[in-house]
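The next part holds the structures, each set out as structure tokens.
Heads up, the next two complexes both have chain A, just with different partners, chain B and then chain C.
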Partner chain A sequence: MRIAHHLILSLLLAFLAGQPVGAVGSADALFDQGMQAYVAGGFAQAATNFREASALRITAGTLHNLGNAEWQSGHAGAAILAWEQAQWLDPFNPDTRGNLRFARKAAQVESPELAWYEICSAWLPVNAWAWLATVSFWIAATMVILPGVLRWRKADWQQGLAAAGFAVLLITLPALVGVHTRAQLGVVVSAATPLRLTPTQQAQVLAKLPAGESARLERQRGNYVFIRTATAGGWVERGQFGLVASSNSNP
Partner chain B sequence: MRFLRQVGCASVTAAVLGAACLNALARDPDRAVSPQTLYNQGTQKLGEKKLREAEVLLQTAVATQVERVQGPALYNLGHVRFQQGLEELKKGPDAQKAKSVAQQADESGQSALRAVDAALASEDLSAMVNAYVQGRGARKELKAATEAVKQAMESKGTVLSKWQRASGDFKSARELVPADADAAHNAEVVDRSIAQLVDMIQMMMQSMDGMQQKRAELGKKMGQLRQKMPGDLGKQMKGGEEEDDEEEGKKPKEPQEGQKEGPVKDGKEMQMSAEEAERLLSMLRLDGNRKLSMGGDEPGKPTKGKLRDW
Partner chain C sequence: MIPAGLRLSAVPQFALLLLLLLPAHSAHGQSPPPTVLRPRQPLPTVRVNPGSLSINPQGQIDQFDQMVGSSASIDLDSPVTVRAEFEPATAALGQRITYRLILSALDESVEKLTTLPAPPGLKLSAGGRAQSYQPGPTGRLQPQTTLNFRATVTASGEFVVPAFTIKAYGKDVAVPAARLTVTSPGAAVAAEAPHLLFELPAGDIYVGQPLRVSLILADSADGSLQGPPQQPAIVGESIFVEPQALGARHELIQRNGRSFPAYVMEMVFTPVREGRQTLVAQATSYGRRPVPGQPGAIQFAQILLDSDPLEMTVLPLPKEGVLPGFTGAIGNYQVDAPVISTNEVVAGEVIVLNMHVRGEGNLGRLTPPKLSPLREWMTYPPITESAPPMMIQQRGYANFSYTLIPLSDRVKATPAIPFCCFDPKRKVYVDLTIPPVPITVHPVAAGAAMRSPGADGGTGGNAAETAAREHEPILSGLVEHPGPGAGALRPGQESGWFWAAQSIPAAILAGITWRARRRRYLAAHPAVLRQRRARRGLRRQLQVARRAAAARDARGYVTGAISALREACAPHGAANPDSLVCADILRELPAEDRQGPGAEMVRRFFAAADSLRYGGPVNDGAELLARQPELEQLLKRLGARI
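So, the complex of A and B:
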């Protein structure tokens, strides 16, 4: 009976987390293997393990370690991408922030230029804004609709709560827009990535982008994506550019 | 309820402001020229043989990233760049002339080497002096020929880069519009021309290397000859030889303070007859029935149907 309770609890937790039980277990195993490889100095192996672990279950910690392993393997672009992804999930981690700052300085690349609403959106984890907007909306809506439906006497506190709910909702809107636009931010993974005028193999090369350069994704065509850096816009191959908000941590 | 009315008013105000911004963006002068217009203007300039302007306009049309325009614009851009290469080929030094000068210099160098070898073997002073004088002349000739070949090579290098880009443009046009068989065909033709050009450049490089080696060998043997000459005669000869060698390592003259620019000479564009042009281009002949013809009748027109206006 006790085992059955444990099983039901595990299944419930796994369901709530949105991940299959087996995937969580193997993700943990891969994470441990990655840690062991990292400590033993096998950075390439560690990066593979962390990448596989994050493909099964994305967590900020795994991505942070993936960034460390990629950096130690000499892949600056992949490291910056992994740290950016970790920061997307957990903007409060000072280690990730410090690593990103150090890596960008070492690779001589700039941080992406963010609009004010994008900066606001980075104050909380991306999911927090969605939760905040949903909760505030329902509080405001409930306080406006319920008194009428339930024939309650209108009270000041109800009006106040509704106003507060709407105010919070309005505050979250720019941040939600920021989250949406920041989702198009990405990082150039390969060194000396050719920025092409057209999405073709033999295209005119406008510039060579360094690994770790930040850019915004604007459109996609075939095997190419159109990105805009701080200085220029052009096409790069899909595999040479990784989105920060991508569900897949593979570049 | 008053609060909701205020929210409604704020939303209407925001919508009006947004519409005003969109209207302002629509009136942006940078957006006035459509990609189609750029393409048409570029194609027109290509027809008028204003290649530089055509290149800029077509490149801008390609850079607008409008899929419908990119393919045709790239196709015409390929033509523009191929023709720019042809123009450079016409303007640049004559490769055949450079080749004949190099051959002549090579023969003179060979003859001078033989004379120097003979003089070194003999004890005849007049033969030594004659061989030395002949060697100096041959070295100067070799130097001039090397310079001519180098200039021809630089010019061919410019042509090569233009044609490589033209080939890339045709291939890109084909990639964007897979049905465009003309683009694939033209890319093939340009690639063949590039191969011929590369062969020519390699030949020139070999010729230049040969001349430089010969010149160095001649210099070395002339040095031996100088040492063999009795008394002051060797020293007298030395002055001239050093002068000749020093010219190579000399730095270009820098402008001095207060120096004024000399009077401007009126340049005249090199005129070339149809026969001369044909002879020049025969080195890089494309098949006569191909779209990238280089004859006087149909100078590099883009394929029919590609020059349409929107």
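So, the complex of A and C:
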């Protein structure tokens, strides 16, 4: 009976997390294998394991370790991208933040320039703002609608709760905009990536971007994406640029 | 010391003046003020080698400089003379010919010749260039710079390099004309001039690859050269040559199908730039030379020997496949298992990890990989041996040591140190990562402060440096747990499920609203609730009666039927169904049933129920069961009225 309860609970949790139970188990196994390979000095193997684990189940810890393994493998761009993604999910981890500082200093690349609302959006995990906005909106809406519907006597706490809900909602709106614009941030993953004038192979090369350079995605065309760094804008090949909020964790 | 602009060289008078002035200061018994000399005109910068006189601020002559200055007297005053010659002056077509300029000037003062006024049919290309000191006519040593050029002719005949000028010490110096006679091939001419043989190793050559080459000088049987060659060197545009030869030997050389005794010197040089460049090997030796101006007279003099120019193509290192920890090591190396000073320490104590590299390559100049800063380790830059590179090279292995301090008792092994080399033969990067060594780190005893690595002055630094180091970003270790999963990296607000999820609270709120309104409606219309309850009760009791009839259970059938009749009639009287009696039911029957068989059936059911209530048998049970369709018709009619 207890086993059945556990099974049902696992299935329910996996369903809620949107992940198959088998995927969770194999992701953990790959995570452990990556840890062992990293400790043994097999950084390339560790990076492969962490990447596969991340493809099965994206977690901040896996992405953090993926960044470490990529950095030790000499892939500064991929490492910075993985740490950015880890920080995107968990901005409270000081190790990830320190690694990003370390890597950017070593690779001599700058952090992306963020607007004030983007800085605000980085205070909490990326989805926390959306949920906060949701909860605050519905609390406010409930406090406005329910007393009338249920014929409650108007009370100060109801109006206070509604006001607080709307206030929190207003605060979250800039952060939501910041999350939306930060979703277009990315990292150049290949060293000496040519920044082209037009989205063609024969295009004039405007500059060579170092691995780890941050840029914003503006538009896409075929196999090329138009990105804008702090100093220049141009087209790069899609595979040489990884979005922090990409649909998968691999660049 | 003398100011930099006053490097004494060809200004011995100036130095003498200084020497004369110094006792005057000393005579006053005071420490003389620093001597500041400001010449009004720029002095010619000619370096005296070896050494230059220098005077310290106290006005005393540097003892070392005095010793060096007294060891030799260099003649830099005599006019520069130039000698130009072909060797041999008469050569057969195809024979090796050297055009040589010998100047009595320092090498650094002689300009680099880019073009020479060669006549048509004669091509001169740069060869060796060296400086030596020879006894001059005044009895002092005279610098002698020799410039060799490789002469190539395409036809026999007379070739004259006309007189021209060359700059030495910034002045024009006349170079006399030189004559070369080239005869047809096979004609009896002088023997070929001695020269060096030099070949590059087979295979591709990469930037930074140490190349070990042999310089070969044939031992002349006729005694034209005396002793082994000196000052071997390889000259090129962008190469780094180890200052010392690895060794010289005399052996029998097999070359072009013949064997001959030769001097062999091993040298190592490293190309530092990719692309094509020309190399020339050179060395000096003593040999017989004709005395200028005395036909037939022979003297032994130091001569510059060189090799034919060699074209070398240097490739860049491949960018693909570079492994972590590449520090420029090119060759075939192996790393032995690392050795640590101890494998059991207390957090904060020092561990020394020794690394042993052996193999083929430039071991003497190998750069050990640096260890990235780690959160749980205090690391220091690797320490290389202090032995000279040539000694390490000849020994065949190099040692490096890492000073590591574990900062936590969670550490289980030394960190892996990424390292790799490029193997030019296989043309791949080879992983030489130094593996971790298991260690046991004990926690610091309670009450004992962990010794700060910087506190003992080992790494030096004051509080500010320590604080700066603490704020220096470092690479953290791994996270031990993956943490909670996230569905995707895309923001939730941009996903469809997020907006779909908003329908849940909306639906809840709408439900609450509907329910509240419905409740108010029902409160205003209680008959609706009674009717609903009656319909529900009628269905339930009718099911009971049917099940009992199917089981031929007269008692259950009668009970169910009575309950169904009560449920169907209760709403009309606004009464509790259980409180209704037969008369109440009959009153609620449709008008056509009140006097007919319907009323009679109801009475019989109630009579049977009364009998049951008082413990008697069910009267007419079989007949009542047989009237089930009639009962259901009645109930249907009653139900339609609810």
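Things to note:
One rule holds for everything that comes next: the second predicted complex is superposed on the first by the 250 of 251 C-alpha atoms of A that agree within 3 Å, B and C clash if a C-alpha of one lies under 4 Å from a C-alpha of the other, contacts with A are read in each partner's own complex, and residues count from 1 in each chain.
Definition applied: contacts are C-beta pairs under 8 Å (C-beta built on N, C-alpha and C of every residue); 3 or more make two chains touch, one makes a residue touch a chain.
These figures come from a predicted structure and were not determined experimentally.
With chain A as the common reference for superposition, the partners chain B and chain C occupy clashing space. With both structures placed on the common chain, the touch criterion links A:R238 to neither chain B nor chain C.
Contact with chain C, but none with chain B, is seen for A:K105 once the two complexes are overlaid on the shared chain. Comparing chain B with chain C, more residues of chain A are touched by C.
Once the two complexes are laid over each other on the shared chain, residue contacts for A:A163 go to chain B alone; chain C is not touched. When both complexes are overlaid on chain A, the residue A:K208 reaches neither chain B nor chain C. Contact with chain C, but none with chain B, is seen for A:W71 once the two complexes are overlaid on the shared chain.
Of the two partner chains placed around the shared chain by superposition, chain B is the only one that A:F226 touches, whereas chain C remains out of contact.
After superposition on chain A, the chain B segment that clashes with chain C is 132-140; the remaining candidates among 6-14, 132-140, 186-194 or 276-284 show no clashing C-alpha atoms. Taken together, the two structures place no residue of chain A in contact with chain B in one case and with chain C in the other. Residues of chain B that touch chain A in their complex: 3-4, 7, 59, 62-63, 65, 67, 70, 74, 165, 167-169, 171-172, 175-176.
For chain A in complex with chain B, the touching residues are 144, 159, 162-163, 166, 197-204, 219, 221, 226. If you check the complex, the residues on chain A that touch chain C are 17-19, 24, 27-28, 31, 35, 38-41, 43, 53, 57-62, 64-65, 68, 71-74, 85, 88-90, 93, 95-96, 98-99, 101-103, 105, 126-127, 129-131, 133-134, 138, 141-142, 145-146, 149-151, 176, 179-180, 183, 191, 244-249. In the complex of the two chains, the chain C residues touching chain A come out as 319, 322-326, 372-373, 375, 412-413, 416-418, 433-436, 473-494, 498, 501-502, 505, 509, 512-513, 516-517.
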